[in-house]
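Before anything else, here's the structure in question.
To keep things simple, chains are lettered A, B, C and D as they appear, and every chain counts its residues starting from 1.
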Amino acid sequence: MREALRRVSIGYLVLAATAVAYLVVYTSRLGRFPTSFDYLSILNTTLPLVFVAIGQSLVVLTGGIDLSVGGMVSVCVAVTATTVSSSVFWLVVVLALGTACGALNGLIVAYGRIAPILTTLATLSIFTGLALRVMPVPGGSIPQEVRLVLTNPATPTGLIWLGLAVVGWLVLRRTRFGMRVYAIGSDEASARAVGVPAAAVKLKVYALSGLCSALAAVFYVSTTTSGDANAGNPFILTSIASVVVGGVAFAGGRGSALGAVAGAVALTLVIDILFFSGIDPLYQSLFQGLFLVVAVLLGTVAALAARRRRQA
Amino acid sequence: ATPAASGKKAGKIKIALSNSFIGNQWRVEMENVYKAACAMPPYVDQVECSVFNAGNDVSTQSRQISNLISQGVDAIVINAASTSGLNGVVQQACDRGIVVVSFDNIVDNKCGLTVNTDQIKFGQQLAQFIVDELNGQGNVIMVTGVAGTGADNDRNKGAKDVFAANPGIKVVSTYTGMWDSATAQRATSAQLPNLPEIHGVWVSGGTDGVIKAFVAAKRPMPVVGGEAENGFRKFMAGLLTPKVNGMSIGQPPFLSVISLELARAVVKGEHPKESITIPFPVATSDNMVPGETVFPDLPDSFFADFTDSGPNATVILCQEAATDGTPCPGKTLDVNLGTP
Amino acid sequence: MTETSSMAPAQQESGSQTLAVRASGVDRAFGGVQALRDASFAARPGEIHALAGENGAGKSTLIKVLCGLIKADRGTVEIFGTEVSRVVEPAARRRMGVATAFQELSLLPDLTVAENLLLENPPRGRLGLVKRRGLGPAAEEILGRYGVDDIDPRATAADLSVAQRQVVELVRVLAGEPRVVILDEPTAALADRQVEWLAGHMRQLRDAGSCVIFTSHRWREIEALADRVTVFRNGTHVATRDTLSEAEAVTLMSGRSFAGAYPELTTVPQRESALRVKGLHSGRLHGVDLDLRRGEILGVGGLAGQGQRDLFLTLFGAQKARQGTITLDGKAVAIRSTKDAIRAGIAYVPEDRKAEGLFLPLSIRDNIAAATLSRRNTAGFVRRGAERTAVGSIVDQLSIGKGRSTNRAVDTLSGGNQQKVVMARWLLTDARILLLFDVTRGVDAATKHDIYELVGKLAAQGRAILYYSSETEEIAHLCHRVLVLREGRVAAELAGPVGDAERIVAASIKENHDA
Amino acid sequence: MSTRRVLYALGGTVAVLLVGAILHPGFASWSSLRVMLVVASFTGFVAAGQMLVVLVGGIDLSIPWVLNGAAIVLTTSSLGQTSRAPLAIVLALGVGALVGLGNGLGVAWLGVPAVVMTLGMNGVMQGLTLGLSKGLTCASCGSYAPEPLRGLFDGALPAQLFLWAGVGLFMTVLLTLTTFGRRVYAVGVNPRAAFLSGVGVRGVTVALYTLSGVFAALAGIALVAYGGQPSLGLGDPYLFESIAAVVVGGVSILGGRGHYLGVIAGSLTLVAVTTFLQAQRVPEYGRLMIYGLVILAILFAYGREKAHD
């Protein structure tokens, strides 16, 4: 657990460092501090990734990985953008749909016993196809009232949702289910042997990931005001990157969704840092790639140093 | 290509180009001609240009546009990663009085202006050409673009309407070439053995790849309606064998320059806030002119319609502008937005 | 009880309402291996019931079936008269009061001791949420109840020693006050003191009316603890008795009988030093000197966790030394990797064959050849003929797998045969120095016997052997000399055969023995 | 055991081809097969590398831009001239090897998880490729692949297929007949035991990632040879496709099990499914969904087998 705390704090450290770097390049470039517009737009553009990253981190904590988040976000974006303007009730349907997609993954992983990466690779294709079916052409819309409540471009309503997500995680962490998630990630066979109903827990974890994707989709449509069947694709790799930067161990069992949230925000800030530091945009992904590796290396080095200290 | 310094230089207006991905030669040319224009009068004296690429990631492009808003640019010229994904941030730019012009892959949000060719007509006209050449009888395949984008959809819609209206035409296969010659070639190669004789091919992008696949499979060359890839035009001109009977419609890369001009003119109050639809350049096998519509020394992937031509040309650009982004020698760039 | 029978207990006691656990007619196969065939077993509340049998007899498999970890292919399982064969889920059995400590420990490595203990029943506060602040104190209280005060409840399980992990695992099982307690080789990693501790608690549970089932390969533990003994052989119930002598038991378990447990130590070490270590600091070692001679079996004793493992791993290049010199045949050498060690003629046979020794899905041949690949190749290509010959002869020599094909996957072999496969790998290297680390752990009497003889033979060939065992008894009988480690230093050196394990134990705990 | 999986994989291919042939005459004709083989060979190349790292429980997410980078290196350094082809090929493969080496060192020596290391490396390669080629507008960036390379695809039995057969032979020999191959499986099954048996686990890991880079580069070369010119994003489709081919080919994603023959079958199956769906004029959304379902179905077949051991 201390180990876990330390790894998480790496995610926070990385976030702190990127935030400072952002402030520095921003002010030196524009000669003033960022305004509320900047903070707000960072908040609103990051929210979808934040949600996907939370879902992804849950799955990774159990030692799995969810590539299908891309497809789930796409389907939910498609449904949101095509239906919600007719009735807000559809939001519930979208959340249920996301959860169902996730639960399908969970069923296959937990009861079909197919490796998560393979299951979700296949369902990614299925969900993406579904999204294209629902919404062959980009478009659709979302009612203004919904926007104002979710991602109001003038007031930080997004903070409320971010806060709720954090509280949701903290509560989850303090349930037996939360403890079981860590137990499964730590060693699934042992967890089962000591009485953790592993299959049921995993089913729920994947379903939760689907729910998170659905939430992300709703926020996505809310910030962009309409939908696109390919919207989810970029989230596959960025959610994995967020989880990684946030210090969640890929082997499972260590880390926290809050780290992943920090990672998601840090990744967004990196885009801004590159923008304001005037780096040739063509080289942008070079720096993003380096950022990823360095952030994780820092985590590894810190963990190693800690282990050394403990052994001495 | 670096963003402008913060201090506002007297008189100069700031116009940024936000492109999504330079995934093919078209995008590269589009940026090159933009850069070249910026280095030529009148832009070199009036405009402070910058260029950003976001990749196909909507949220990256959205962040970049937000940052451009913070920077206080006067106008933003956009080739969007998603027709819908940028609506929110574009609205914010509009709200702050920034002129937003999107082109090629345009943004839905109506507060911005658009510069484009008529994409539905694009699809229709190519399809009609094929129908006419085949006298309304024959097997046709459709090679589409990136699914889910606006341009792809409009072009397909235009084409399908035309084919459907001609009962003698049978669309025997439809698949995506991803607007990429290599992908189109691979997909076509894989398809051909399972297809009957093909009389007409309709291509949204990656045309030379499709033709090469027919050549490799030793199949009789059908009538081809496609984009403005130099390779396609080489076949049309007989510079490559077999000579292809075709029609080539270009989505002109200089849409970026027209957008630049529109943005400049609107900011300066010289032009009303109105979107522009320009005609697309059309070339057929019997009017190929080396050095003008086809370039024997340039690669196949090059888009040959980097400049407009003729007396009513919207803009005339030199080859270096398209290939290297260097200004055309000793010239003031004259962009004709048409009479509003 | 007077009846001796091969009659299954389930039949004998059918109708009895007092059975805690009953299995009858159970079959279970793993791939090609029939681990259980028509197996039966029954235990009552208020008894300590030992389950004995050779490696691979099916004890652990039976236990896994009993506690719902795996499904029987056929047969029925009843807990307190309720048929449960269909619900295969440990969680469900736990709710019926069945708690199990498994042979392969099942602590969750990334969780703290506290979380491991309280995973399924954490302290809760308002809204039924887990009180994370309460975890530490609650765990402390539980550990305290069992007199364990040397384990920090906030420590991560992965950082504990094997013995500590075993203790936590046992506390976890005992603390649930289960009605049926199943302990699969609970003492394998425990020091004698801890065995006593466990025995006390097992008796307490029995006296409180619980059914306690355990397995062990140490007969004196069975003798001391068990009210009844069930013997398994080849996946089948052989007998259930109130009393049983060791000799009888061994005969029942193996179908053979053995003379004396330990072979006579007949060889004499040579004069030449094979391996000399000076001032070695590594892991928990703080300055160890030793001199191992050719043909010598040098025992390393002491309580568990005094740096024995560090010593073996460092000598084998698997762990870095902070300080110290190693001399082989009079020449100073630097051993920086396992490759260096192998090249220098050192072999290390680990205790945990599944985790550290075997490539389970690979063939016997691949497993045995693994450390000597570079000796039988032409330009990187395996010389298959040579390999087959070499492996074949060592397989015959150690009689592994009853002469069946060496193409078989190792995971189809019994535990004893698996251990022999690991030994065979190292014998093929012609190593002159063998580091044998607890190689008889969890090995049945017959195989143990084979291994003792093998060790003697190897010493007679002039090989130098460093021998550690968690069974002090073994070190006392097998070794020419014994070094007792305490807190990373050599605390005593005893001439062997020591004969009496008590002397080694005494030296292990006595303060300042030779200071 | 894993040979049974190879049979499954081959069986899958045959089944898809049979269904295709029945529902769509000409689907299994030689001319159709020939094309499918060629298209599958690109997947086969990248999947060879992917398989090697998967065998030791790793993964290579850097394939797309290593492939793309190598493709561009090939044309820009050869300038389309036949005489420069050998040098260009060596350079392109060298780039692949170098990047793979970097991945391997990061994974094996710095302990960076494979997903992170290779994902980061993909970004690095993308940035370098775009930046150095100035978005593919550099002076030499318009060059073509040299003529002899483009000839790889001519003829009734294209040379490309021999190249693939060569790769197959190389992989099979490497993995089954050499000591290196033995070490690979040992590391894949139990790295700790391998280390304690004197296997240079890190060395093996580094070598495998290096090879994966080389195979990605080889695919890049083959793809420019096929299309004539490189494009940006050339490698993108091969990320998930290489993983799919590897697992459909019966290689265990957990490491230690699998044969390249299965991967060949896997690559063919995937291409055959796509081709068939296109031939049947199934719309894009349906193709995506069926593709996913087919992968699932095949995985279930393997999963069933797993339950027994």
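Please note the rule applied: a contact is a pair of C-beta atoms (placed from the backbone, for glycine too) under 8 Å apart; a residue touches a chain by one contact, two chains touch by 3 or more.
Bear in mind that the values here come from a model prediction, so they are computed numbers and not experimental data.
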{"item": "Reference chain D; chain at largest CA-centroid distance", "value": "C"}
{"item": "Distance between the centres, which are taken as Cα means, of chain C and chain B, whole angstrom", "value": "71"}
{"item": "Chain centre separation in whole Å, for chain B relative to chain A (CA means)", "value": "35"}
{"item": "Whole-Å separation of chain centres (CA-atom averages), chain A against chain D", "value": "29"}
{"item": "Geometric centre distance via CA averages, chain D-chain C, whole Å", "value": "44"}
{"item": "Contacts with two or more other chains, residues of chain B listed in rising order", "value": "53, 147"}
{"item": "Residues of chain D whose C-beta touches two or more other chains", "value": "130, 135, 284"}
{"item": "Which chain pairs touch, all of them", "value": "A-B, A-C, A-D, B-D, C-D"}
{"item": "Touching residues on chain D, where the partner in the complex is chain C", "value": "1, 177-180, 182-183, 185-186, 189-190, 192-200, 256-257, 308-309"}
{"item": "Chain A-facing residues of chain C, complex", "value": "67, 69, 89-91, 94, 100, 102, 105-112, 115, 119-120, 122, 128-132, 154, 156, 159, 172, 283"}
{"item": "Partner chain B, residues of chain D touching it in the complex", "value": "24, 26-27, 29, 31-36, 38-39, 42, 130, 135-137, 142-144, 153-154, 223, 226-229, 231-234, 237, 271, 274-275, 278-279, 281, 283-284"}
{"item": "Contact footprint of chain A on chain D as seen in their complex", "value": "59, 61, 106, 110-113, 115-117, 119-128, 130-131, 134-135, 240, 243-244, 247, 253-254, 284-293, 295-296, 299-300, 303, 306-307"}
{"item": "Chain A - residues contacting chain C, complex", "value": "1-4, 171, 174-176, 178-180, 182-183, 185-187, 189-197, 249, 253-254, 310-311"}
